[in-house]
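Could you have a look at this structure, given as structure tokens, before my questions?
Each chain carries a letter (A, B, C and D) given by its place in the written order, and its residues are counted from 1.
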Amino acid sequence: MSELTLERGLAAFRAEIDAPTAAFFSSCVHCGVCAQSCPFYLETGDPKYTPILKLEPLRLIWEAEFTLWGRIKGLLGLQEKVTDAMLAEWEELLYDSCSMCGRCSMVCPVGNDLAYMIRKSREGMVQAGHAPEGLINASIRAVTTGSPMGLQWKTLAVQIKHVEASTGLEVPVDKTGAEYLVMLSSMEVINFPEYLEAITKIFDHAGVTWTLSTQCFEATNAGIQIGNKDIAAQLVERVVAAAETLKVSKVISPECGHAFTAIRWEGPNLIGRPYPFRVFHIVEVLDELRATGRIQTEGKEDDRLSMHDPCNLARKSGVIQQQRNLIDLVAEDFVDMNEHGRFQWCCGAGGGVSSNERAEELKMAAFKRKKAQIEEVAPERMVTMCATCRTQLEEGLEEYNMDIPVIGLTEMIADHLVEKPRAAAEHDAEA
Amino acid sequence: MSGAMGFLLWVKGPMFNIALAIFAIGLIARLVEIFLLGRAPNYAEPRAGEWGPGLRTMLSRTIADPGTFKRAPFNVVVGWVWHIGFLIALLLFIPHIELFKGVLGLYWPGLPNPVVDLVTAVTLITLLATLVHRLWHPVKRRISTTEDYLVWTIVFMVVLTGYLAYHRLVEPYPLALGMHILSAELMLIMLPFTKLTHIFTAFIARWYNGAAFGRKGVQS
Amino acid sequence: MSGLDQIPVTIESSASCSARSRDFGNAPAVLNQIRDALERLVSSGEETCIDLNAMPFGPGDLERLTELLGTGEAEASVEALGPTRIRETGIPGVWLVDYLNAEGQRLTLHVEIATVPQILRPQPQDLACAIERLDARLTRLRDPAHSPLSS
Amino acid sequence: MANLKTPDKTLGEGLREIGLSRRGFLKFCAATASMMALPPNLVPAIAAALEQARRPSVIWLSFQECTGCTESLTRSHSPSVENLILDLVSLDYHHTLQAAAGEAAEEARLQAMEANRGQYLVIVDGSIPGPDANPGYSTVAGHSNYDILMETVEHAAAVIAVGTCAAFGGLPQAKPNPTGAMSVMDLVHDKPVINVSGCPPIPMVITGVLAHYLTFGRLPELDAYRRPMAFYGQSIHDRCYRRPFYDKGLFAESFDDAGAKLGWCLYRLGCKGPTTYNACATMRWNSGTSWPVESGHPCLGCSEPGFWDDAGFYEPVSVPIGVTSKTLIEGAAVGAVAGAGIAALARKAKKEAVANRQPVTIDELEQKL
């Protein structure tokens, strides 16, 4: 029976090295500025969490096998080797203390995209058998049950019934030819059922045709978080198959950061072909509806609101202005954090850290950076658009006894929809 | 022939050729190593092109974002000062321009010697500051390798010997000049095989970074 | 041969010939050196001699220096191994001593800071035999057989 | 040249005998001090020493040379003092100047050597084909330069190598050095050797060194290249009246530009002043009239070893020797091949890693729990 070995790990590291990786490692001057962008270092003060240090195994393989000098050093017996013990030591650095937020990639003076290389390093770690237990479990559940939390359609079916009862609207399921296929995340289904109700209302209000798929409802991708292409590709294939079955032209990624990265940016490359449909984050879709006048809102929230940009959505996907357009529609007193958008700070839970139980302490330490940011602008409530971020914010704020509720942006929009202009809106749209 | 003049003629002649050849071999090898690796095709629908954002990042990374400046002002300011000082001394000192003219055939106007002299003194001080920072700052101390100290030493030696030679503080002068040229040659030899490569590859790295983010609609 | 007159010749005005009426800034340094020496002369009587030949003068520097020093009242000449011309400058106690060879070419040029330049003073060894020499002449004067006078 | 034995009379007595007054002697000493580049306050000491000095015997050997050094010396323009110095030595053998010829000339040399055994000075101009070179490149009376040199210096008090050829090999030693030329100090190891380099040396420097020997009876303080510190202690650049322009960064860029006319620094025109140690800037040439830099021409560095093989007379000091962009291009070509080789190896390994890649399965992951 096959097993994960160091050799397979080294081969996977090797296979990941490309021109950008080589350019990045060639350029690092050990200035340490990346540490100043990493919440895990800043909030623990432990220099081993310096981002570039986390990449040492990948760098060693690059140096030994991809450079002239490394080859010469190898012949002289001077080249350091990557060992199983080293990878075991680095497991904490590559998983527990990195949310792949990509902030270091934005500040590195020589332009190294460190998050890109963390993602690559995890490929090697999985093949070498050095992934954290929490992420292994999530991956196994995702592949075997379709959801990293083991959630099944029947649970969702119950939710759908509730939504239909409370709104009096139909939640379309398996509707071939709808414009949008709506994907969900298990966390939303369990923790934030308001989301499904909100989009049901908004799409009804805007006259959008959409559907859920019983074949696949889960957009999150444990394979991306653990860092394995095989699992990630399997999970993406399920989404693609569902979309192709229902012949939709657009797929909507839910309020979840890494799910968007998985199906929007990595998906086509994992399956090795372009999609026959386009992928949008729900925030992008809502902003598009707003821009074309298909969302009519009334009333505004009058308390002081601030917003947390999910890393995967803002810095790593360029969705930054859209959520601000939407919040301006429904909030009177919105204040941005000092560093937001592409320079926002991670909540600390991304990149699989939240699925990695043993990283709990580090995760809460990293949150202190976000907490400080929140304290700076002192909002009464926080708005965000990622279920993982939202959970982390809620847990973190509670941990520090800060009475600041966190709400999803989509729900907030749904709460302000104009009640009866539906016929008119449809009329406008048709006109 | 031996002695200081013999040493100077050796570093100006055979040694310079050796250093230049190793530099050219190493640098081109490194660049070929990088570019021949290529990138996997990207099937994800792009939000924007790669070239524009890539080129912009090549320049924009020179200036730190305000947050980083606030958190690492020493890195940013001292890094800037010594890099600019080094470049001014390297590119705008008239004897150096004559060297470029002699080897490459390219030349440009220079700065008056006292200006370069002042800049060199500032560069030396800031270089010392970077060493102190490297030894003192926990992150820098943790990630520093022998190579970092070796590279620091050679860069410092290049500037220091240049300063000593200009002020003729070492006698005889051919020895002072020879030591300066030799230091520069050692730096040239080390360049393609150490982090000094960033002089060239940082711009490639920045392009890839800018292109990757730019493709996703973010100016990095 | 006819090719020679095809070479273009331009005659530039004397204004662009820079060696005239321009100095390279070395005179003030020497003047300061002279000033220090004068102070020593006044306070302790110590005399100083500066060899201007050893100065890295540029064209015009020497002229500038002598111009700044000016001309004094005393002038002397010594005929020994060619002429030596001694000239007091406008600064009392500062002398220019110009050693020339028989063809009038300069051997060396000194600035002497002294009450009287060394070369004008009788030499101690000469002074020692001065009385002897004068006595010889007196003897000759008393003994008419040895006239006419000659040395 | 008849009297081959060093006379017993002192220099002071000799000068007095030819009717020089004490003032004349003082003047002679002042001129000698200036010539030796010594400060005027040493004149009394020089006078006292010269008073007691004795006339040495000098043998002048000329090897692979152009007679420029002799020309420099004999055509110097303040003959009275330098002639006095030369008159005060007993020049017992000199190819160009001696009246005797053929065997009589060689006999004079041997006689002088015998008569002044252990006390005579040997002056050499020109380089010497070394012991391993073909001796036929330069012979005198059928004897190789090497043999004559070694024979003559054997009982000498000291050797003065006059001119860059004798001091450092000079022009004959320039690449590819067909005659296997060597300098005096390459060959003479057991006698004091003083180098008076320059192509030619400043005449006053040649006589200055003789005067020093004459005055103090010993050799002057020497630098690392065995040159008298008094003349070679400072570089041309340090004593150059155009130095302030270098310091300000004002350079002539061609021989007829405004900078050249204003007398700016000649560094960019190839001046070797920074690396050249000589007394031109203060002693000047042609009886103190001018010197190369004053006449608007960069210093060639003629008093330094290897000056003929440096980058070129009109290449600035900072320009490397024999380096062109060709080196870069050739290096780049080799680098491209090396880089491609490494990249090919890496790509092959990478391809293999991809081809042999085993997909991660749930079972494999489960084993790790």
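One rule holds in what follows: contacts are C-beta pairs under 8 Å (C-beta built on N, C-alpha and C of every residue); 3 or more make two chains touch, one makes a residue touch a chain.
Just so we're on the same page, UniProt names per chain: A = Heterodisulfide reductase; C = Hydrogenase maturation factor HoxQ; D = hydrogenase (acceptor).
Quick caveat, the model's predicted, so the values are computed rather than measured.
*Asks:* Report which of B-D and A-D is connected by more C-beta pairs in contact.
*Replies:* The comparison resolves to B-D.
*Asks:* Please compute the C-alpha centroid of chain B, do the same for chain D (hydrogenase (acceptor)), then give the distance between them in whole Å.
*Replies:* 39
*Asks:* For chain A (Heterodisulfide reductase) versus chain C, what separation do you get between their C-alpha means, in angstrom?
*Replies:* 94
*Asks:* In whole angstrom, how far does the Cα centroid of chain A (Heterodisulfide reductase) sit from the Cα centroid of chain D (hydrogenase (acceptor))?
*Replies:* 76
*Asks:* For chain C and chain D (hydrogenase (acceptor)), what's the span in angstrom between their mean Cα positions?
*Replies:* 33
*Asks:* Going by the contact rule already set, what residues in chain D (hydrogenase (acceptor)) reach two or more other chains?
*Replies:* 338-339, 342-343, 346, 350
*Asks:* If I count partner chains per residue in chain A (Heterodisulfide reductase), which residues reach a count of at least 2?
*Replies:* 17, 66-68
*Asks:* What parts of chain B, by residue number, touch at least two of the other chains?
*Replies:* Chain B, residues with two or more chain partners: 26, 29-30, 33, 36-37.
*Asks:* For this entry, which pairs of chains touch?
*Replies:* So, checking each combination of chains, I get A-B, A-D, B-D, C-D as the touching pairs.
*Asks:* For chain D (hydrogenase (acceptor)), which residues are in contact with chain C within the complex?
*Replies:* Residues 20-24, 26-28, 30-31, 33-34, 37, 39-41, 43, 77-81, 239-244, 261-263, 281-283, 287-288, 294 of chain D (hydrogenase (acceptor)) touch chain C in their complex.
*Asks:* Provide the residue numbers of chain D (hydrogenase (acceptor)) that touch chain B in the complex, in ascending order.
*Replies:* 168-169, 223-225, 235, 237-238, 246-251, 267-268, 274-275, 277, 304-306, 309-311, 315-325, 327-336, 338-340, 342-344, 346-347, 350
*Asks:* For a test of understanding, state which residues of chain C touch chain D (hydrogenase (acceptor)) in their complex under the given definition.
*Replies:* 16-19, 22, 24-26, 48-51, 53-59, 61, 78, 80-82, 84, 99, 101-103, 105-108, 110, 118-119, 123, 125-126
*Asks:* Touching residues of chain B toward chain D (hydrogenase (acceptor)) in the complex: what are they?
*Replies:* Per the stated touch rule, the residues are 1, 3-6, 8-9, 12-13, 16-17, 20-33, 36-37, 94-96, 98-99, 101-105, 110-116, 168, 172-174, 177, 181.
*Asks:* In the complex formed with chain B, which residues of chain A (Heterodisulfide reductase) make contact?
*Replies:* Contact set of chain A (Heterodisulfide reductase) toward chain B: 17-24, 26-33, 35-37, 41-42, 45, 47-48, 50, 52-53, 66-69, 105-113, 116, 264-269, 272-275, 278-279, 314-320, 338-339, 342-343.
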